[in-house]
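Shown next, in structure tokens, is the structure this report addresses.
Each chain gets a letter, A, B, C and D, in the order it is written, and its residues are counted from 1.
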Amino acid sequence: VAVGEAAVVDPDRRYVAVVGGTVASDEMLEMAEQVGRRLGERGAVVVTGGRDGVAEAACRGAVAAGATTVGILPGRSRREANPFVTVAVPTGLGDTRNSLVVMGVDAVIAFPGGYGTLSEMAHALLNGKPVVALGPWPAELPVEGRDDVIRADDVDGAVELAMVL
Amino acid sequence: VAVGEAAVVDPDRRYVAVVGGTVASDEMLEMAEQVGRRLGERGAVVVTGGRDGVAEAACRGAVAAGATTVGILPGRSRREANPFVTVAVPTGLGDTRNSLVVMGVDAVIAFPGGYGTLSEMAHALLNGKPVVALGPWPAELPVEGRDDVIRADDVDGAVELAMVL
Amino acid sequence: VAVGEAAVVDPDRRYVAVVGGTVASDEMLEMAEQVGRRLGERGAVVVTGGRDGVAEAACRGAVAAGATTVGILPGRSRREANPFVTVAVPTGLGDTRNSLVVMGVDAVIAFPGGYGTLSEMAHALLNGKPVVALGPWPAELPVEGRDDVIRADDVDGAVELAMVL
Amino acid sequence: VAVGEAAVVDPDRRYVAVVGGTVASDEMLEMAEQVGRRLGERGAVVVTGGRDGVAEAACRGAVAAGATTVGILPGRSRREANPFVTVAVPTGLGDTRNSLVVMGVDAVIAFPGGYGTLSEMAHALLNGKPVVALGPWPAELPVEGRDDVIRADDVDGAVELAMVL
């Protein structure tokens, strides 16, 4: 069974997590969809928590660009994934899975969210992952006298940072 | 941003886990590759622990058929995936991730392996997932007076069972 | 704030997991309670999955001997612990927590059980923990041509092995 | 095997997590030790991540008061627990265990810390647990327009809140 060179997976393929609220404003959802689309156009795998709101919008955009979207789900069933998740990964870990959403990625783009989003940002920063904030939140994330969150002005800026940092 | 119907992910897409030893005989590796290829040809997503041996062979076969291969990795880095994993999911859970390898699938095809493989079979059976054994192991898995492992005679039989059960 | 030497925790204190069915025969439950009591009398911390059956019986015996009993629970609430768990550890991991039940112990005593018990034995053996079987199960656990499960003839023998191996 | 009423574990026993930096000022460590001692004197089980800094200070104080201290450890060995952990729970989950540190408790007392501490506070708030901050951090934790962190003026106030909320 010969496998051509092309079949080997590109080890430099970029993985980017998009996190944010399960409920979000129309403006944020529109931006999240654009982020997903741009990431997809640039060949990135888009990783999310697989549910509603920002995650679904980002997946929708990425799928429109033909990208792979990974949903790291809190429950045990693939059925809880939003319809734009191409690869559903049930974990059965509940909110504990938040750290897995950001564990395997090269960068995180964060939209406004709640404590779940905050936990994902904290886990990413704890592990030295670049976290790019898009939107008006958080005003600051002051830990040990510094704030490591990178602010992006717009979708293109956020995607560029997530692809190169 | 319009998304065509085709972009929506097929909710009935089949996910099948292939488990077995990280070290295996040439005969078993050849069979695992054939299993991966057949599953890929039938449109299944192939889920493995993402490492060597049976997992790598199954991924190699599936990728040759153009399939998606998910590697649920024990460590925190995508780099530990074998080169035929198209979607790497680092978990940082160590062997505890074994239950996640079989959690989100519709069926499991098991090749001979060690205690890790045994743990994956046990977790799958605990959750009522069909487990199809291929190869000379285990002779039996006697739990509560019964053995729920289904025996397949060959690759085609195993794949057929994993696709329809 | 001075702390006396006696307050420092003995690093050589023994931890032993007791696993087995959530449903078990009266004979097995009686043996599990005796195992818990003997372990407690010898100063061991008894670790279980914290639920019914063998786990509860072992905890009951250990508590009667004044021992600490740790329940590594599948859900998110301490309330699901049996009434003889002195330290409840909710994990929210579901069955995935089975690997944690045996992770931190020095040895495992296994009573007959189902696939959950089998997964705990597999995880323990995968990590080189001594597993002592008590009762008529399993007849064998054949992995890679060998069976590492140690058979004990009776309660005293099982406890002795779990305390010294 | 009769077990007296007294042997049954009190289901209303209070569990309180104490979180904060693995490196902390002498003033914060002194306060953490006092918090542990007060919690222990009031009969609480003190839960921490089991390592250095604030966790160790809180455990030291609690042990001096005769309390049980649970260390939910990131690694697989009990040996990584600080010497004042009376019940060590290795998880092998790495930082993902942070959510487990606060999962099973009735309240959390938070000292200044880094992203790990922030993740623990976020997980606790996500699950509706009272989080009482002691010390100059965080200035705010603005999520969805509100900050649910409760500020305590001193050790006695923090312990009182953690015992009654």
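Just so it is clear, a residue touches a chain if its C-beta (ideal position, glycine included) is under 8 Å from a C-beta of that chain, and two chains touch if they have at least 3 such contacts.
These figures come from a predicted structure and were not determined experimentally.
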Of A-C and A-D, pair with higher C-beta contact tally: A-D
Interface residue identity across copies chain A, chain B - same or different by half: same
Reference chain D; chain at largest CA-centroid distance: B
For chain A paired with chain D, centre-to-centre distance based on mean C-alpha positions, whole Å: 30
Euclidean distance of C-alpha centroids - chain A vs chain B, Å: 26
Separation of mean Cα positions, chain C and chain A [Å, integer]: 40
Multi-partner residues of chain A (at least 2 other chains): 76, 92, 95-96, 99-100, 103, 127
Residues of chain C that touch chain A when the two form their complex: 76, 92-96
Chain B contact footprint on chain A (complex, rising order): 1, 3, 7-9, 11, 15, 30, 33-34, 37, 45, 60-61, 63-64, 68, 70, 72-73, 76-79, 81, 83-92, 99-100, 103-104, 127
Chain C - residues contacting chain B, complex: 21, 95-96, 98-100, 103, 113-116, 118-119, 122-123, 125-127, 137-139, 141-144
